[in-house]
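Chain IDs A, B, C and D follow the sequence of writing; residue 1 opens each chain.
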Amino acid sequence: MPVMRDDVVAWLERCAAVLEENRDYLTQLDAAIGDADHGANMDRGFKAFMAKLPSVADKDIGTILKTLGMTLVATVGGAGGPLYGTFFLQLGVKTANKLMLTPEDWAEALEAGINGVIARGQARPGDKTMVDALLPALEAFKEAIRNGDSFGKALQRMAEAAEQGMKATIPMVARKGRASYLGERSAGHQDPGATSSYLILKAAADTWANAT
Amino acid sequence: MPVMRDDVVAWLERCAAVLEENRDYLTQLDAAIGDADHGANMDRGFKAFMAKLPSVADKDIGTILKTLGMTLVATVGGAGGPLYGTFFLQLGVKTANKLMLTPEDWAEALEAGINGVIARGQARPGDKTMVDALLPALEAFKEAIRNGDSFGKALQRMAEAAEQGMKATIPMVARKGRASYLGERSAGHQDPGATSSYLILKAAADTWANAT
Amino acid sequence: MKKLINDPMNVVPEALEGMAKAHPDLIKVHFNPNFVYRADAPRPGKVAVISGGGSGHEPMHVGFVGYGMLDAACPGAVFTSPTPDQMYEAAKMVHGGAGILMIVKNYAGDVMNFDMAADLLRGEGFQVESVLIADDVAVESSLYSQGRRGTGTTVLAEKILGAAAERGYDLQRLAALGRRVAENGRSMGMALTSCTVPHVGKPTFELGEDEMEIGIGIHGEPGRYREPLKKADEIVERLMEPILKDLPFKAGDRVICMVNSMGGTPLSELYIVYRKVAEICEKSGIQIVRNLVGAYITSLEMAGTSITLLRADDEMLELWDHPVKTPALRWGM
Amino acid sequence: MKKLINDPMNVVPEALEGMAKAHPDLIKVHFNPNFVYRADAPRPGKVAVISGGGSGHEPMHVGFVGYGMLDAACPGAVFTSPTPDQMYEAAKMVHGGAGILMIVKNYAGDVMNFDMAADLLRGEGFQVESVLIADDVAVESSLYSQGRRGTGTTVLAEKILGAAAERGYDLQRLAALGRRVAENGRSMGMALTSCTVPHVGKPTFELGEDEMEIGIGIHGEPGRYREPLKKADEIVERLMEPILKDLPFKAGDRVICMVNSMGGTPLSELYIVYRKVAEICEKSGIQIVRNLVGAYITSLEMAGTSITLLRADDEMLELWDHPVKTPALRWGM
């Protein structure tokens, strides 16, 4: 079966739980090459959304995701707020009025979300940002679907690619965001935004493991 | 033989050396119940005097001691400056034009110095100040002379009494100076000013051990 | 973590409440979204000058709201850029009919959040210009990267642009002046200690008892390099050299100089720093014609200093001297 | 010890050199003996107001020299009262023919050194009065002891008396006003951390990571008691209770309130403190009619705060509002 509206809700609830769990971990990563707030920022944003969720949980997927996007924009701040806000807003635009998602819907939505992030932040692959986790994840998902994998299996490929992309940020020298001020000293540290992106996509793969 | 002008100079040189040596010790005592500057203050004052000493070392004892008093007033600051400044100024007044000191001269000078300290600072015995080392020292010296002890021997009695007086400040609750702000909490600590007074009188006893 | 706070999560709103109570004659505070604005806003016919950024840099920006400086300031969470709704609501509250000038420090988050607010406002027909401050010479400047951080020049820009707006500059002229200020200001900072973000609870980085970090930003970010602690005069040389040669500042230049505490460094040490800055300027034929010595753009309780030089022309100096009346900067009235 | 200094022995003179370079329009600095004095001194016909004390409390006193406040300030070594020759020479430099008012904090050393200076000056025919500040309620007041320390009220007294002198009060009237200010001011402070005297090189006392010291003075002296760290609101209650009941302050009183940083505490925390102070005053019917929130009387880089309340009458308030132009306090001009 495809991903239903309630599955999307379950994914976002899992995101909130995972980001709370990883709050200190993300903050620690951000302390090394940023300003020690990424974990708290993401946690604050998703907590704010969880408070609003009951009022939109029975709406269409697009409404739910746009609400998340708006909430993140209005509560997260920093670089993460506009970037993830844009990401989920674009996901919401592409899923407007939908009550379920096919693999094609998801690929289209994810692509729109990532394009939104790139348009807002002007980061390119290799700049040591969340884009380095998101882009390979999208490519892996599309390829798996092309190869005939199930939705759930393709999501797993997506999460694995996100993880690799996240790890690949370690040796990179940052050219965008706060870590870029460090120049060469930013190498050797994993990017916090790439890490939260991985956690968010991994939560989707875990929640929707049986999707077809 | 009595105490000669050069013996007085030797005493003051020894004071400067002893206060330099005990600079950190005095500061530590002052840190516990005061403001951690007594060692530095006394050292600064005697160092300043050592720089002036060559220009007065061939003058009479009174001039030398008044110069020391003036120098301390102008360089020490805090409570120690005016108190020790007054002390040595008064010593100088009583020894004006003298080139040597008999035991009686010393008793008279010391008494004047201590009276100056009391007049300036209004401390009474038991207030946990330098007066608690100085007064018993004076009494012990006078008594030793009355008992027929030699000048050197009497000076030793004086130093012993100063030491006892200094130690007796430990259980006292301060009523004058910075330590008084602590109230009961000042008990259990030795008074820094009583300690420097002991060191100064002990230096006299050591330098003039053979005086008769 | 030793701080005079109640709840690490409430540091920003409680401090804002305190400010509102302390300065009712100068400012008002709006909560949800949070912003501080002039008690007499809106000022009809005057360009509204607004700024903002993460909290933890006080007095910047909230302490600079008032006559002759900012119309509104938007404080984010500690060290976190504010959100677009803060700037959007603040701008609408203080807009006096002559447009909005945003003073933005060059951080990815600040830039994006201010951009989103500007988009929203423009969408509703407001005229919006923004001035980007990117003055920190500790960061290599490059077309392919984020560019430089915005630090001390922000304070000077807010003073000068606030005065110009008060004098009736229109939005375009103000924005042009702002860009001139941004282009002529350079800063660099250093830290003796780290700082502790309240909700994190432990220092952002660790510095040994004999180490210092040169080229830090204002968020506890690591700096350009770390080295053994030096004498103040040598530290000042390490900060002044890259500042002077970057613009470059030349003999004959007149500058406004700010010697700033990162939060935990006392005034006496700042004057020791200023002494050497002045000596270096004298030797280079650079004339310090105005100065600020104090804590103006801080990183919580971090010990350290930053130096800012702004090459100033007559117009900037006249605007500098214009009266200002804010909680943290006040003269002439 | 991490400080922005060159030589622990030169902290005071080098900071004074920096001040002289930074504020040539306001002040001049005399070395050997050290004092800071108004650039336009002497002011004929005006009582000369002078103060002084150990260094390490900046901006007090040297930062308060200028129009409407002090004519001269005499900085001692760090935390050490200045010597009589400093006050003697300073007074002679700034005397305008109408006598000299000395504002003295009640420390044995300060009192004795100022007394000696006053004796010297009187001996030469100068008219000298002094006002003793002893406002720290952390210290038990008793006839048989040194009495209370002088702390925060000193700042308010220097502002008010400076204004009164500027307005032409004669020496007797000024001294009487000063005593009224001294009688109506109360302070209490607390520390989160110790401070390090430069030439000592290590902290004056040790405080555990979870401890604070209540009732400290301004020299790193131990306080009234030590206890586990509390929330800011509870700390403020602990400071306010003894302050309020000492005078006592009563419903209907109008007060000038100062929330002061001991040096290392950032402004945001001071506003959290001010928030609670204001709340307590509101509940008690005490009206805060003026305030200062910032670092005015510090203990080097100590983290902590002190609260001062001064019960003010119309005359004091009018003098408070009089223009002042000094390196550290400025308004109205």
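Some observations on this one:
One rule holds in what follows: contacts are C-beta pairs under 8 Å (C-beta built on N, C-alpha and C of every residue); 3 or more make two chains touch, one makes a residue touch a chain.
Predicted, not measured: the structure shown is a model, and the values here were computed from it.
Shared contacts of subunit A and subunit B, meaning chains that touch the two of them, come down to nothing at all.
Compared with subunit C, the chain whose C-alpha mean position is the greatest distance off is B.
For the pair subunit C and subunit D, the distance between mean C-alpha positions equals 29 Å. Put simply, the C-alpha centre of subunit A and that of subunit D have 55 angstrom between them. Per-chain Cα centroids separate subunit B from subunit D by 32 Å.
In subunit A, there is no position where the chain touches two or more neighbouring chains simultaneously. Contact of a single residue of subunit D with at least two other chains is seen at no position.
Contact topology of the protein chains: linear, an open path with no closing contact. The complete set of chain-chain contacts reads A-C, B-D, C-D.
Against subunit A, in their complex, subunit C makes its touches with residues 33, 54, 76-85, 107-109, 112-113, 115-116, 136, 138-140, 144-146, 148-149, 197, 199-200, 204-205, 217, 219-222, 224.
The touching residues of subunit C, when paired with subunit D in their complex, are 2-7, 11-12, 14-19, 21-22, 55-56, 58-59, 63, 192-193, 209, 212, 229, 231-233, 235, 263-275, 278, 291, 293, 295, 298, 300-301, 303-305, 327-328, 330-333.
Interface residues of subunit A, counted against subunit C in their complex, comprise 27, 31-37, 40-41, 44, 73-83, 120-121, 174-178, 180-183, 185.
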